[in-house]
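Right after this note come the structures.
In the two assemblies presented below, chain A is common to both, partnered first by chain B and then by chain C.
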Partner chain A sequence: MRTLKIASRNVFRNWHRTLVTTAAMGFAGFIMILFASLMEGLLQGSERNAVSMDLGDIQIHAPDYREDPDLYKVISDPDRILADLKKAGFHAAKRLYGFGLAASGATSAGVQLRGIDLSNESDVTQINRHVLKGKWLEESDPSGVVIGRKLARTLGVDIGDELIFVGQATDGSMANDIYTVKGILKSVGEEVDRAGLYMQDSAFRELMVLPEGAHEIAVMRPDRSTDLIAATSKVADIAPGCETLNWRELMPVIARILDLADSQMIIMVIITYTAVAMLVLNAMLMTVFERIRELGIMKAVGVKPWQIMMLVYAETFMQVLAASIIAGVSGIALSRYFEHNGIDLSSLAEGASFGGVAVDPIWRAHLTAESVAVPIVFLFIIAFLSVLYPAIKAAVIQPVRAIHHR
Partner chain B sequence: MLRVFTATVSLILILVFPVAWSSGEDEDPSVARAKKILREVDDMWRGTSSHSVLTMQVKTVHYTRDMRMEGWSLGKDMTLVRILSPLKDKGLSTLKSGNDIYSYLPKTDRTIKLSSHMMMSSWMGSHFTNDDLVKESRMEEDYDPTISYEGIRDGQEVIEFTLIPKPDAPVVWGKIVATVLADGYMPVKYLYYDEDMLISRTMTFSRFEMLGERIRPKVMRVVPSDKPEEYTELVYEELELDIDLDEDFFSISSLKRM
Partner chain C sequence: MEDHAIVRLEDASKYYRQGQMEVHAVDGLSFDIHKGDFTALCGPSGSGKTTVLNLIGGLDVPTSGKVFLEGRDIGLLSRSKISAIRRDRIGFVFQAYNLIPVMTAYENAAFVLSLQGVSDRECRDRVTAILKEVGLEGLENRRPDEMSGGQQQRVAIARAIVTRPAIVLADEPTANVDSANADSLLGLMERLNRESGVTFLFSTHDQRVMDRARRIIRLHDGRIESDEVFN
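And now, the complex of A and B:
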């Protein structure tokens, strides 16, 4: 208690220096909290775009479909698998894929045709709510299609325009028909944006002469906090003979970026705090040197070295505590602000993507306990490490020499 | 896709194949001779214009298709093919004009121009690509021919040509080896090699019968090397050469009128 009292007296003795040191630590902590929650927001947005707009948690394919996506490589009993998945509590939807050419007027572009199981797809992904312009597919309108935004730009089409698809059907004939653009999607990912052409599965089956089977079954866990790997093996048991992969295996680049995000965060924290550490070291060294006679007298009257160390640490602790409060309060406040009011990047980075996954043009922060705790805990660690040298210096002072020091 | 397109057109074009080889003045005499013979092979097939009716059978592991089609050509740059049967594809027409390919789709009553994406895809479900249609008439510009063998092979006097792509030619083949009968310069076999110099597909000609007032191979069969159980076979029913056709016949608007 006495230590704390002496420490607080020392802290306030040179209040200018204390203020500067505390403010610097507080500012660094605040920046790191804001940075952490913005990064978290970016990563969560990417994961959401990848998983909830397109992939789903887990996907089932015919064994070598993914290496060589071929119209003929279908899952032969998708309805049985779908029924069993639902019985096991999963959300699941069948999908069909084909390739061909979409043309409008004199322009044309290669497209990836996607046949969507409308009644189930909305349980698995939120693509139906990700429409930029117009509307999502409707059961009642089989000739309506929804396309990716870059494809719409390439073809120069807008809502209500006609689109011709030409491709090769399973019987070798030329699949061709005329469709109406019903909707244009927001950015989902490179592939969908540039080449995605969505139609309902019945229209796909008729066009491509594919009455049976499905190329993909996308599965979503009802509760996304449950163990993904356990869920994957459960799904694999329901679909024997098929390839079952979860989104981390399907998009290893994104999964790795997400995994690395934590260590990246810590590296950033350490770099930023190195500067803070030097500041703290300098300030505490100064307080030790200017009190060298006082410390010598304390030792002469019988204060133990560890008590002197405790004193220096107590002084540091008070300053870091104040800095943490400043950092925490301002960091949380600003992160909360950016959670509700995203930073609009649409003019800067329209259609940006990383690892093939679209980045939302509105960048929102996402505040987690970790994004506050990591910067603050590291602030304490760094400050305590950097004060080690001044503290030892003070502790081992020789009373006689210290008293005569000038 | 557009396999039908490619196949039909290719059939015609490929039969007519080694399109007019021009000879430079300071050329090696054997190169000049190779070009001259190949040009003759080509002239025999194409004439200044042509009209033909043919059937195409495509066999793949997934389907077998029989189609009947009618084709016209003018010079080496214009070709038009229309599907006569089956009913589902009737009226589908393909127009090759220079390096462009247009397709008329009767179901939608629209004509589309094929983009570069589609060039390597199948024409009308066959083993020909759209690129085959376009490139066929550029053989002379894209390849340097040499005579690589002359003599008796399988009891027939043949001449074998090796066609090597020119250094910057935009082609997909590593080389083409063409075997032609020495008597009458009729094509027997064409081997297409990929960039690794492995045989990619084999084209054989057979049934040397009277067709269009002289003896020509009536049947052409293409077998892809990676799927030897598959093939595309073209059989000529009729062929007329040097008929009266003008360029308007090969316009986009006439595609639709047919």
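And now, the complex of A and C:
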């Protein structure tokens, strides 16, 4: 307690230096908290876009459908698999894919046709809630389609406009029909944005003459915190003879970026704090040298070296504590602000993507306990490491020299 | 005298190396200091006064010879033992800047006591009494920079004696104060010596200060030139 009292007075003794040091540490901490929560927001957004808008957790395909997405390569018993998956507690939906050309007026574009199992899809992904304009597909309106935002622009269509699809059906005949644009999606990913044409399951089957099977079954765990690998093998057991992959295997780049995010954050923190560490080191070294005489007297009258170290550490601790409070309060405040008021990137980078996954044009922060704790804990660690040298220097002062110093 | 000497130097020497030269700061000194002594260490600048006090106070180690404090050879003690001896058995008064600037007169005077782990209550009683004794009643809450040089030295003396040490080592305690203050500091030390039996060993090159001592050890080039006892 006595140490803390002396330390606190020393901290106020050269208050401008204390202010500069503390403000610098506080500012660095604040920047890191904001950076961490913005990164977290970006990454969570990417994962959400990848998994919750499109992939799902786990996907089942016919064996080499993914290498060569052929209309004929279907999962032959999707309804049995679906039923078993549901029995095992999973959410699952069938999907159909086809390719062709969509045209409106004089313009046309290649599209990826997606046949959606409306009743189940909303349990698996949130694509139905990701509509930018208009509405999602409805059972009652089989000729309504929902399209990607870039596709809408390419074709120059808006809600209520008609478009014509032309393709080849499974029986070799020409598949064509007229549809009405019911909705335009928000950014999901390069593929969907540029070429996604969603229609309901039954409309797809009729158009492409594909009464049976499915190209893909998307599966979602009801609790996403459970083990993905275990869930994947469980799903694989339910769909023998099919290829079962989870989203990490389907999007290895994103998975890797997410995995590395924590260590990248720590590296960033360490780099940024190195500058702070030098400042702390310098400030504390100056304090020690300025007070060399008084520290010498303290040692002469019987203060032990470790007690001197404690004093230097107590002074550092107080400054880091104050800095952490500054960093914490301002970092949390601004992160919260950016959680509610995202940064609008749409003018800057329209439809930017990140490993093939769309980045939301509104970049929102996501504040987690970790994005506050990591910068603050590291602030303490770095400050305490950098003050080791001044503290040792102070502890080993020889009273005789110190007292006759100057 | 047959009683145990508080301090005994036996052929103690301290050499410093300065470039190629070896400075014999203290050169084969032997003398005793007894309980209740009021001794001045005199000599011109560079004669080795400070070095002697540092050797006795365990702030420095002799190059050769022995220094005994209350019968213990301090050359044989560990650093932390010596540091505990300084804390518990020796009072230090330095020439200037004795005090910790961020602490009040009271806190400075109480500093060593609290290092010893003396209870707050006892500490308060003893420090209050000592500060009164050294004439600082009412100035307890002053910081060093709010006191005169003489007052600061009084706080230093209070800190040195409040622990009831075996000996108070004072290195030119009056060198940084005017003569009136020097006089009254010496008067204070004399009174503490006479009334409370505090043993003092102080260095000085001020003739008027020497005149108050009951024993004067004169040094020259690290050797004893004379050692006189007055009555």
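Going forward, the second predicted complex is superposed on the first by the 406 of 406 C-alpha atoms of A that agree within 3 Å, B and C clash if a C-alpha of one lies under 4 Å from a C-alpha of the other, contacts with A are read in each partner's own complex, and residues count from 1 in each chain.
In this text, a contact is a pair of C-beta atoms (placed from the backbone, for glycine too) under 8 Å apart; a residue touches a chain by one contact, two chains touch by 3 or more.
These numbers come from a predicted model, not from an experiment.
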Please work out whether A:178 is in contact with chain B alone, chain C alone, both, or neither, and reply first, second, both or neither.
-> first
Quick one: classify A:261 as touching chain B (first), chain C (second), both or neither.
-> neither
Once the shared chain is lined up, is A:388 touching chain B (first), chain C (second), both, or neither of them?
-> neither
Counting only touches as set out at the top, which of chain B and chain C does A:131 meet: first, second, both, neither?
-> neither
Once the structures are superposed on A, label A:10 by its partner contacts, choosing first (chain B), second (chain C), both or neither.
-> second
Check the residue A:285 against both partner chains and state whether it touches chain B (first), chain C (second), both, or neither.
-> neither
Given the touch rule stated above, what does A:167 touch, chain B (first), chain C (second), both, or neither?
-> first
Counting only touches as set out at the top, which of chain B and chain C does A:43 meet: first, second, both, neither?
-> neither
Check: chain A residues flagged as touching chain B and also chain C none
Touching residues on chain A, where the partner in the complex is chain B = 72, 100-101, 103, 106, 108-110, 164, 166-168, 170-178
In their shared complex, at which residues does chain A touch chain C?
-> 2, 6, 9-10, 13, 293-294, 297-304, 398-400, 403-404
Can you name the residues of chain B that touch chain A in the complex?
-> 1-5, 58, 60, 62-63, 65, 86, 88-89, 92, 103, 105, 107-108, 110, 112-115, 117-118, 121-122, 124-126
Contacting residues of chain C [partner chain A, same complex] = 50, 54, 57, 59-60, 80, 83-84, 86-88, 92, 94, 97-103, 111-112, 114-116, 159
